[in-house]
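Chain lettering (A, B, C and D) follows the sequence in which the chains are written, and residue indices restart at 1 in each chain.
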Amino acid sequence: MKEMEQGRTGVWLVGARGSVATTTVVGALAIRAGLAGTDGMVTAQQPFATAGLPRVEDLVFGGHDTAKLPWPVKASELAEAGVLPAQYPRMLAEELEEAESRLRPAPASGRPGQDAEQIVADLTEFAEREALERVVVVHVASTEPAAAEHPAHRDIGALDLALAAGEEAVVPPSSVYAWAAMTAGCSYVDFTPSTGARLPALDQLAVRERVPYAGRDGKTGETLVKAVLAPMFARRSLRVESWSSVNLLGGGDGATLAEPGANAAKTASKSGTLQAILGYQPDGQVRIDNVPTLGDAKTAWNLITFSGFLGGRMRMEFTWSGLDSVLAAPLVLDLARLTARAHQTGHYGVLEDLGFFFKDPHGHRLAHDLATQWERLCAFAAALSPDAAPAA
Amino acid sequence: MKEMEQGRTGVWLVGARGSVATTTVVGALAIRAGLAGTDGMVTAQQPFATAGLPRVEDLVFGGHDTAKLPWPVKASELAEAGVLPAQYPRMLAEELEEAESRLRPAPASGRPGQDAEQIVADLTEFAEREALERVVVVHVASTEPAAAEHPAHRDIGALDLALAAGEEAVVPPSSVYAWAAMTAGCSYVDFTPSTGARLPALDQLAVRERVPYAGRDGKTGETLVKAVLAPMFARRSLRVESWSSVNLLGGGDGATLAEPGANAAKTASKSGTLQAILGYQPDGQVRIDNVPTLGDAKTAWNLITFSGFLGGRMRMEFTWSGLDSVLAAPLVLDLARLTARAHQTGHYGVLEDLGFFFKDPHGHRLAHDLATQWERLCAFAAALSPDAAPAA
Amino acid sequence: MKEMEQGRTGVWLVGARGSVATTTVVGALAIRAGLAGTDGMVTAQQPFATAGLPRVEDLVFGGHDTAKLPWPVKASELAEAGVLPAQYPRMLAEELEEAESRLRPAPASGRPGQDAEQIVADLTEFAEREALERVVVVHVASTEPAAAEHPAHRDIGALDLALAAGEEAVVPPSSVYAWAAMTAGCSYVDFTPSTGARLPALDQLAVRERVPYAGRDGKTGETLVKAVLAPMFARRSLRVESWSSVNLLGGGDGATLAEPGANAAKTASKSGTLQAILGYQPDGQVRIDNVPTLGDAKTAWNLITFSGFLGGRMRMEFTWSGLDSVLAAPLVLDLARLTARAHQTGHYGVLEDLGFFFKDPHGHRLAHDLATQWERLCAFAAALSPDAAPAA
Amino acid sequence: MKEMEQGRTGVWLVGARGSVATTTVVGALAIRAGLAGTDGMVTAQQPFATAGLPRVEDLVFGGHDTAKLPWPVKASELAEAGVLPAQYPRMLAEELEEAESRLRPAPASGRPGQDAEQIVADLTEFAEREALERVVVVHVASTEPAAAEHPAHRDIGALDLALAAGEEAVVPPSSVYAWAAMTAGCSYVDFTPSTGARLPALDQLAVRERVPYAGRDGKTGETLVKAVLAPMFARRSLRVESWSSVNLLGGGDGATLAEPGANAAKTASKSGTLQAILGYQPDGQVRIDNVPTLGDAKTAWNLITFSGFLGGRMRMEFTWSGLDSVLAAPLVLDLARLTARAHQTGHYGVLEDLGFFFKDPHGHRLAHDLATQWERLCAFAAALSPDAAPAA
């Protein structure tokens, strides 16, 4: 296999001072420093070894946030909460300080068009100053309420006008970031259930700018389990009567999701999996409750009742206790590597083959069951290889 | 598609008066009578519609058992225990009475060779009297202790001699049934963890007699869940630190498994899945305890601890509450249909493609993860189709 | 011990055609017929043997409902759902038919005063026709939204005027029943979280009419468990950080509680226990979700996180899977027996000693922990004994 | 209340270098240093405030162990494992170093009589050197297999002779410690299921030496929960059909309990609670499995099936995830304080009133339900008060 020459890749984190982003950056620095391995990273596995992905060690991190807490302080907080190993903040203090210098305040002028221009400028400056070959923007900021529909969402010309006119309610903040990323020639990843790139107008923009994008909502826990259990029931011809989901979490994410609009957006993102896999919607709701003392340790409980042969009724329940940032951060690295490489190899528009990573994957043709998603992902990795034929 | 002419298929149940066998027969009769649908049957799904499988309505049931409780009485007991719908025993009384006439006492002369001959005779008589095109023998009798190794297990000539010489300890009872089935030209399915056909000598016999066989140990609950959860952890690069399994059940199965030898055999059968999927053996044991009052309602609890990015430690637990016979019976029908059809289309020797159904599948090349097993099964179904090229 | 002469006792069920009431009546008839024992009945235990309680066999049931489904049909439905033994509806058909004749349509004129008079008339007619020594009214109808406060709630004179004036929104339906019961000289039990007798005005009425009353909201499952677990944490000086409760149920109760007002009322009733026992309110919410396919089989899951010595953080979770009517019905019999006997022995006003039975017990001095409640209940039973000194 | 003059109290830990003992000592030092509060300590509650107990700050710790790992190192290990706060080992380094000097190697001459004499000597030296008013010996060493019965167990004279004769198999090591403690005039606490003081001969010795003792097997998790749930079922007349218990743990305790004899002893200790509270033994077993990676984080899962009114069958399950040393250590402090005070106030022989703390309490008259145990404990605390009448 011929190794492709590969320059440095930038990863721009929207919501850079949050738990997920900070864990991502600390993790990448720890890997570079030889302190940590790649546990939890999907792209550390064999099928991705020859895909020509940028190395974790070669990623350069920057980002926007409205918060001001410096990365070194945030890292110490996460270590105290048991999310990061206790000694990392001290051992990586210098690297974190240096990375901190690449963060920029999130523009918040109240005028979307002006904010968008500022974001473009920040991204351009980042790429030039750091001599980056390309930049991938990853949105890991707080979940927004679902956006009200608007005609401008369906046409990039109309969207451009709406942005320029400064119509505040038209373009949700996450979509402003997606617009700016693509306009700056960056690829883009929606890691949250916010609207982001999921507007037809932005798909048009991605095609026009020939940049790839992927999303949405990282599949880190409960939905991951659903994506393997639901196919199990389906393939065994067991009828799922009800599937009830409860998610308890604290931290910033818990606080955000205590807000009804964000809660509804997140719940909607989590709800499509069963219908998509089973072909019908069982009884039961998805609940997300804020329990501050739980912090980043999210607990999800699911009750599944099902019936089988001759109508026999049975049940299954599971409890998932995960550290959300620990589960999400390696996926952010995976997505940054895959999306940057897709960009490099000429892919553009939505990357449907990355459904493995998302609760609510873009693209109508995408299966929700994890095994099928895995196969598509592996096939995609093969297509990214320097030895593969170039993308159409 | 041209429909192949297909005569009646016999299903001979070893352990015919047990819960699984009785539920199988009542279910098949209920389907034939239009009382029940095919919920829980894998082969009722689309990929099997064109595989040329014998119809459930055309299956004819017989069997051996050392127990004497008539099928109509056993069915009433199962209905009382909530395993079968309350009204079935009454509505199917006539059909059950008729089926009862096809049961034979399990030979128990104390001399394996003589028992084997009697089984061959009973199978031959069953096929002739009922004018069956072919017969598949399904072993659903109580789990035996693992057999001590013996040189005769590795060579069919030596096994024949050992049987003829009446060496009692050499050939375990389940293997006597497998030997007799193959000798009588029947295909064979091991639905329990007993030795059955899993002796090199019997593989030689199957090849010689050109009959197919499959096994072993129907995957009805906990192991089914493991077969989808373990790949989930593996594909997400999450390291499983420990996986502890507890199975509580009553009924005949619970009583049998209270016996240390049988318990060890069952536990061993359940234990291979994780190593096979993960590539390493996590901490933790598999426990099976007899709790008589639970009856057929088996409850399994699993605790899984795992670590991810930067060593973060997390956990998952699940509780599976299934009705064992309700889960097993449709699989017995599936396996009878698939094995009979494989026999008809010229397959012989071990059917590795049926690993989807088993805890401890025959064949070294078989994956344990359910999604891979499902794909192989679907490919196999396609190969069984009247339109497919004949088996090599 | 001298046996007190005791006539027949009437039990008038408000919401008589619901699952709880029907199970209560079928159960009492089954006990009288010798079909069933007294499992689940608290008053079947030793401390109550000498309390002079009316025998279950001597209770006469009547009631109001807006629904029209006859008891024999409802009983068959419950049997099909597995709540009642399959054969009871048939075996008790005659008794149920006879009992059915004592049911009356719930008055629903839209004018509270007129409804109240009708209820008084129905109760009086019931007592006379059946030659009952006394009647206890038990409210088991659907949960109402919490009532808005009103000055008339605090004074029986004002309440009488409001009723007479027909001010509809002032007196909630459950309180109309409580008013009517007391006015008719009957004792009264609130088995639901509806307002019922919990108005200062009705306490005044009970004292004036010298009738006892008790409530509220039968403690049948999750809250019962809380009432023993919370004291355990407290007595071990373990600090409960969070206690999250999820209740999933279907049936009529599930449908009622899908209505936000009723849901809020029920949730409020369940929420007081922890604060009362622990002395502080931990993090976490109480959720009640309607899952129609679960029917009467209610599942509650609770996650408790707590900290101990040197700040060590730990957790406990439990899942309770109960049949709500099966748990509630024997408590209705218990409460009817105890309240009738209290009435007979001269107790009046609120019966604080019955807190053992309720989620949200009347009376400020009442402990919520089950052990203390049990002791008070036993002491009360002793005071009811014919050998005890008469109540003050 | 008059304050009694109180000197320093010694606490001698058998198994002093284990996790429970180390956590106890670190905790007491942290309390003395003002770093930690008394969360998890029962005797920190109101009913014990006036009982005249020695202050935690006035306890002096020493002990025996066969292991050699110094307390400062062991404390660091526990901090790394998350059992102790990360900064404690450093902050308490000096105090731990000083405490370390009071530890002695456990005598292991192979001759019980000689060992016993050495223990007496070590205890005497400890009391004199530290100018202690009295010493309580607490056994927290590894669980032993149950001792075979022997006639010498029933008579202190015979036991003395057996010890002197050096008959090794007669007196289990834990009983050697109990003998030595009492002989040295110390009070004694069995915190493990080992035989310890539970021999009639040792009860005679305690009476003769006028020292109190208590035991056995600290009730830290699963059995604690059983002690409140079982009475709940009993008081509600719900019949427990089965109660299955699984305990998964690692650490030193897990390794010890992987040994069949110790496992059987522990299981036996845990099994008496249900029979004692319910009055019958439900179906189901108690299992304890060693899962090394779990370390000190013990997880217990229990499945309870029960039936109620009209035979309705229901179930409950719970998972308890506790840090064993964190739960045990404050109880060791509680027991040391209470036993020392009992000694001071003239109590001797078995302290039945301390059943609240134990899985397998001494004394036939002791209830196993936690609420009753709590009441007895509070009454005992009152009797210990300087204002109470002296013990008989």
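FYI, a residue touches a chain if its C-beta (ideal position, glycine included) is under 8 Å from a C-beta of that chain, and two chains touch if they have at least 3 such contacts.
Remember, predicted model here, so these are calculated numbers, not experimental data.
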item	value
Intersection of the contact lists for chain B and chain C	A, D
Chain-contact steps, minimal, separating chain C from chain A	1
Magnitude of the superposing rotation for chain C and chain D (Cα, nearest 5°)	180
Equivalent interface positions on chain A and chain B, same or different at half	same
Centroid distance [mean C-alpha coordinates] between chain B and chain A, Å	43
Interchain centroid distance [CA atoms averaged], chain A/chain D, Å	51
Between chain B and chain D, centroid-to-centroid distance (C-alpha), Å	50
Residues of chain D whose C-beta touches two or more other chains	317, 319
Complex contact set, residues of chain C against chain A	241-242, 244, 246, 248, 250, 282-285, 287, 289, 291-294, 299, 301, 303, 305, 317, 319
Of all residues in chain C, those that touch chain D in their complex	23, 26-27, 30, 36, 38-42, 44-45, 83-85, 88, 224-225, 227-229, 231-232, 235-239, 307-312, 314-323, 326-327, 329-330, 356, 369-372, 374
